[in-house]
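The same subunit A turns up in both complexes below, where it pairs with subunit B and then with subunit C.
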Partner chain A sequence: MRKSKAEKLFTIVNYAILIVLSFSILFPFWRIVMLSLNEGIDSMRGGIYFWPRVFTLDNYSVIFARSEIMNAYKVTIFRTVVGTILSVFLMSLMAYGLSKRHLRGRQLVNVLVLFTMFFSGGLIPFYLLLKDLHLLNSVWVYIVPSLYSAWNLILFRTFFQQLPAALEESAKIDGASDLIVYFRIVVPLSMPIFATISLFVAVGHWNDWFSGTVYVRDPNLVPLQTLLMSIIRENDSTKMIAGGVADLSSEGVRTVTSYSVKMATLIATILPVIMLYPFLQKYFVKGVMVGSIKG
Partner chain B sequence: MNKAQFAFRRDIWNNRYLYAFILPGVVWFLVFCYQPLYGLLIAFKDYDIVAGVTNSPWAGFKYFTDFFNDYNFKPIMINTIMISLLKLAIGFPAPIVLALLLNEVRKKMFKRIVQTISYLPFFVSWVVVSGIWYELLTIDQGGIVNTALMSLGLIREPIFWLGNEDYFWWIVVASDIWKGIGWGAIIYLAALSGIDEELYEASVMDGAGRMRQTWHITLPGIRSTIIILFILATGNIMNAGFDQIYVMQNPMVLDRAQIIDTYVMTAGIFQANYSIATAVGLFKSVIGLALLLLTNALVKLLGEEGIL
Partner chain C sequence: MTLLIACLTLTLVLGGCTSNNGGNNAGSVGNAGENGHAGKSEGGADGGDAQQEPLKFVFHNFSSNVLQPNNEMYEWLKANKKVDIQFISEKVGDKIVEKLNLMLAGGDVPDVMEIENYDAAVEIVKKMGEAGLVIPMNDWIAKYPDLVKYGNTEYNNAVYRNKKDGNIYMIPTNFAQHEAILQADVGPAIREDWLKLVGMEAPKTPDELYEVLKAFRDQIPDVNGKKIIPATFDGNKQGIASAWTRSWMDLSVENGTLMFQWNNPAVEEYMVYMNKLYREKLLDPEMLTQQPDQYMEKLASGRVGYTVSIYWDMDKNNAALKAVDSGSRFVPIAPFRVPGKPLPEYANPSPRAFSGIVVSKKFAEKGDNLVRLMEFLNWNATNDGARVLNYGEEGKYYAKNAEGLYDMKPEYKTERDKPNSDFIPRTGLGVYNLLRFMIVPVESVNQRTEEAQMGKIWEEARGKPLPLAYQLTTPGPIEQQKWGQMWSEFDKWQAKAIYAKSEEETRKITKEMFEAFETNGGRDIVNERLKSIQEFEENNN
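On to the complex of A and B.
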């Protein structure tokens, strides 16, 4: 079968469009990495696009010497690890219960959960609730209010319902309780969905700037994203005033500017996500597939 | 105890672990999702932080009319709705187009690389994206967009993209597409992979070219996915994307950047005007839900499957 001229032309144009799109997504990231690896003073001359001109790691040594950044890392890592483990464990238990069709009252709970996807009380009643629960200004505000989500529960439940029932039944005939069945049979069989949802939840924790901005005043509890936001904004204003020359001379690194530090902070913030990226994309895509089969 | 009661109790007891699995979740949903629904009452009350929700005096619809009469009301509604409509008109079809283009790629490796790159921005926060876009659009030496446009001879002077309010909506729409296009395409690609290959083979026999295949086989094949996502998108018209707009705005473009959610944030959190902020939030949620239900009903009227 021969291809017509028009089809060949289409193929070429199609590849060209996709290459331009990929470039326009990748290049902005790449350039920031290059700027973070270039001497700040030198970057001000412009012209850094594909490679650093005066290579340095000073920008990174400055940010890792700053106590507020290291502290923000600690806060973010804590909430991501603890929050993800708790959230995934509790949600999987609930979803497993809800996946059992014989369970009385199951439909009522399903409706209770589903309704929250379409209507919520909004920001202010939620904020006042957190205040009443004394969660404001506490590290638990990052973890407790986001333990469950209707969407992830549905993903878990859908997966559990597709597990072959025979294994669980034979274990129950042998006298195993639901608790044993869950830990010994269901969890080992469900690793893909656990991986998917753990990554969903972990990325959500890592990227959350909102709770740190609104629910927390204590500077020791500021997470990475919230700190990054203030660094980006603070640098914008110093840049306008001082023309980009940083207030960092006191730290003894002359070639560093607030601008180059900003670039390095940006990259340091996304580095863990980039390192997990191969897993992320593999399992995220699976998650979306499961979700799209039965929303 | 009669027989039915006995059976009921035994049933509960036999499933005691399953109930124990569910219970913490039910408590959580009641506290964190349903208690705030009760808290919505303060939209109709003069909320007094000491008296609490229950004991604060009633105010009727005062805070709603206050908002409707506020001189900010009109610009806020225009910004919210216009940004949403632009996103719906341009941002909604973008992932569909990408999925269709990717679907025509025969080289597996190339397809995978493009996909892998395209959903990278989905995994970083809006704070990071705003930092990256700030660098793209900056007027300083080396802003990529200005440099590229100048070297192509399209503009003479660098344009102050971020400081001119006329550009703000377009920057919001463009960065939204940049962040979400690859991720959005996945769900359509999943739907595309479900289309029966035989349909294409049969159409080739009938002499159909690519355009006709796309029109008569591919698009109908993903129609139900498009419709479901469209219904959900209309439910979001009143949102316009709070995360994005809150982190991307700056004082110079505030007139075009104030949306319902940023107003709620300013009035409620920063100024502690809890009642009016709650009223505005409730107004937003109700309209959003109404839009969702309306679109759903329209879609069903046209003989398609809705989401509810």
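On to the complex of A and C.
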């Protein structure tokens, strides 16, 4: 069907706006990549936009030449993978149960879960609890406390409630138990919500730096974000402001700066997440309407 | 029914937590060996071989670099000083207060801990002392006074002594702001190559600076197609204002007067001067609105002629300038001074200690741990001890130069300065100086760059210590609430006054500023602080 002039004009303007919008979103990220590949001292002069002026990998070697970095990656990957799988599995099971109206005590459990969304004991009671559970200074401190999230639980529950009851009933008539119904019928139909929650949880694990700061002392258990934060601080000359003992190795001027190391750190942090995203994208397209329509 | 069950459950949970807390009260000291591979605290605690076995303890630090487990200094100390120091470094940054609170709540304090002396951190240590988690250091400081050799007793008592029980629970360390140690770090800096180009001397007075900046404006060509900026400043423009006001604050305890720069009448002439520079296009119009990285970018780009800078920023900018033209650099010049007025003060020495050492009660109560630890620290507080801890074994890494100053040998300097060098983690040099003890007079070569060393010229702008009455009185509620606001307000008024169209307008705006500070909290801050100072004087006289 031939397009009218107005439609063609609309298409052109539409594409132009989208290109500008895409550029405005992508360019800052591209610039961060370029700054991370440019010598830090040279970057200070400004003028780095599309290409590095003095190409270097020094900013990355500051991070990756550290002996602790591989350990930190292992800890973070472990907690992200194991934490996400366990968390999603356990939350989905609980949410499935809570989605059944015939479950006794369902209201009470819902209230208790909701309660935790609004109130918490605070940092010190939480720390004491972790201590009593012997989770401090253990890799499980990153996983166990965050297995259940009220918000994600509610998202799961809402999604499960939308699934046609007839599907489950017909499976039950054929003799399927609740668990078989869950694994064989509910889970395959719920891939959008599983993907969405998995990404929320995985990103939360990946980005978390606080737990590694306060709950862990063993340097072998420090996760990536906590380590990267400390690397940035080491390269920040403002630590000299206290007039404290000069770190002899930092009195000389180096080509990396705090800013350039920050840029490299950003890339090292988000690159794995960006690489994972294309595999989950199709589920997000379906998952956009999660919880929005009641059947 | 649901609500009733929910309330019952909640009650049970709360009851359970309360009974658990009885078992975990703050009097029970945590096991410092919870630090994983770092090892447990032991020591010559069990008779017989007490003197033969090294004293083993965990030293917990929140800011140093991670060391290799059996680094050279660790081995040397174990063999020669009979101390086995398990060094743990946790970089918690601004979460140190949370971390200390958790230690206090959990009763889990490392054997020996170094903390940075934020006010909040000091208060938590006092609470640890009250809870019986850490030991008082009063008697040990009295026995080994060299531990706080460069401190001030009155200052230490006011800051570290717990008012409830009169004990001091930490050994103050790192007196880097002591008069004998403090180096000049900040001051005016100018482009040496530009000065040569215009054939002028480094300016010292407002009139001289004005002439030099005019010469820059008229004679220095554009840089990469962009106009040059004769002068720009960041927050350190305070150094220019200090030429009129002497310092950011002016306290006279005798006269009972206190002025900050925003309510000091002398600041009017500063505003008039800066306005003149602005109107004649000698001052960066973005000076008061630019971000720090924009400021640094301008300096590094080679477009700026004059500024007031901290030496390490100056070094970074110089590295960028020299990468393009080896003859370009900023150099420190003499403090900017108004004839007839006192020298400005860019820095003030202080008896303040930047960190402190805390010893856990659990560690101290075992055998002769504490005695041996204090003997070690007392050795640390000697020049010989500090020398070994900073430079290593005599002649190995450092040699004395012709002037008798310790200088690192070139091959080790190269190794140390490599990116990601493991020199310090491998050798442990400087890290085991637990007291951060500094040898006075300095007996090592200044490690700073050539330009930073030229900052010696700023020494004459090093003022006297601020009156103890000011240092030792804490901000009241009004000051705590409005302090930051006042300086932001001052910047806004500077923007109006400096960017005014005429001198008359500048003076008018400055007067309006003084009136505004009388009512927007500025006067209240001054009155509140003066009252605290007066009470302090009465209590201490």
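The rule is simple: the second predicted complex is superposed on the first by the 200 of 295 C-alpha atoms of A that agree within 3 Å, B and C clash if a C-alpha of one lies under 4 Å from a C-alpha of the other, contacts with A are read in each partner's own complex, and residues count from 1 in each chain.
Here, a contact is a pair of C-beta atoms (placed from the backbone, for glycine too) under 8 Å apart; a residue touches a chain by one contact, two chains touch by 3 or more.
As the structure is a prediction and not an experimental result, all values here were calculated from the model.
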Practice task
Report for A:45: first if it touches subunit B alone, second if subunit C alone, otherwise both or neither.
Solution key: both
Exercise for the section: Could you tell me if A:25 is touching subunit B, subunit C, both of them or neither one (first, second, both, neither)? Expected result: first
Exercise for the section: Mind working out whether A:217 is in touch with subunit B, subunit C, both or neither, as first, second, both or neither? Expected result: second
Exercise for the section: Considering only touches as defined above, state whether A:136 meets subunit B (first), subunit C (second), both or neither. Expected result: second
Exercise for the section: In the three-chain superposition, say which chain, subunit B or subunit C, touches more residues of subunit A. Expected result: B
Practice task
Look at A:273 in the shared chain and tell me whether it touches subunit B only, subunit C only, both, or neither; answer first, second, both or neither.
Solution key: first
Practice task
May I ask you to decide whether A:62 touches subunit B, subunit C, both, or neither, giving the answer as first, second, both or neither?
Solution key: second
Practice task
Name the contact category of A:123: first (subunit B only), second (subunit C only), both, or neither.
Solution key: both
Practice task
Go through the superposed model and pick first if A:100 touches only subunit B, second if only subunit C, both, or neither.
Solution key: first
Handout entry: Partner chain in contact with A:17 - subunit B first, subunit C second, else both or neither
Key = first
Practice task
Residue by residue on subunit A, keep only those touching subunit B in one complex and subunit C in the other, then list them.
Solution key: 44-47, 112, 123-125, 127-128, 210, 214, 229, 244
Completion exercise
The residues of subunit A that touch subunit B in their complex are 1, 4, 6-7, 10-11, 14-15, 17-19, 21-22, 24-29, 31-32, 35, 43-49, 90-91, 93-94, 96-98, 100, 102-104, 109, 112-113, 116, 118-129, 133, 145, 147-148, 153, 177-179, 182, 203, 206-210, 214, 225, 228-229, 232, 236, 244, 262-263, 266, 269-270, 273, 277, 280-281, 284-285, 288-289, 292, 295
Practice task
Within their complex, state which residues of subunit A touch subunit C.
Solution key: 41-42, 44-47, 54, 58, 61-62, 65-68, 107-108, 111-112, 115, 123-125, 127-128, 131-132, 136-137, 210, 213-214, 217-221, 229-230, 233-234, 237, 239-240, 242-249, 251-257, 259
Fill in the blank from the handout: Interface with subunit A, subunit B side, in the complex: residues 8, 11-12, 15, 17-19, 21-22, 24-26, 28-40, 42, 53, 98, 101-102, 104-105, 110, 113-114, 116-121, 123-128, 130-136, 140-142, 144, 178, 181-182, 186-187, 190-191, 204, 209-210, 225, 228, 235, 243, 247, 250, 261, 264-265, 268-269, 274, 277-278, 281-282, 284-285, 289, 292, 307
Handout entry: Touching residues on subunit C, where the partner in the complex is subunit A
Key = 2, 5-6, 9, 17, 20-21, 24, 34-38, 60, 63, 65-66, 88-93, 95, 98-99, 101-102, 105-106, 108, 116, 174, 176-177, 182, 185, 224, 293, 296-297, 300-302, 312-313, 315-320, 323-324, 354-355, 408, 416-417, 419-424, 429-430, 433, 436, 447-449
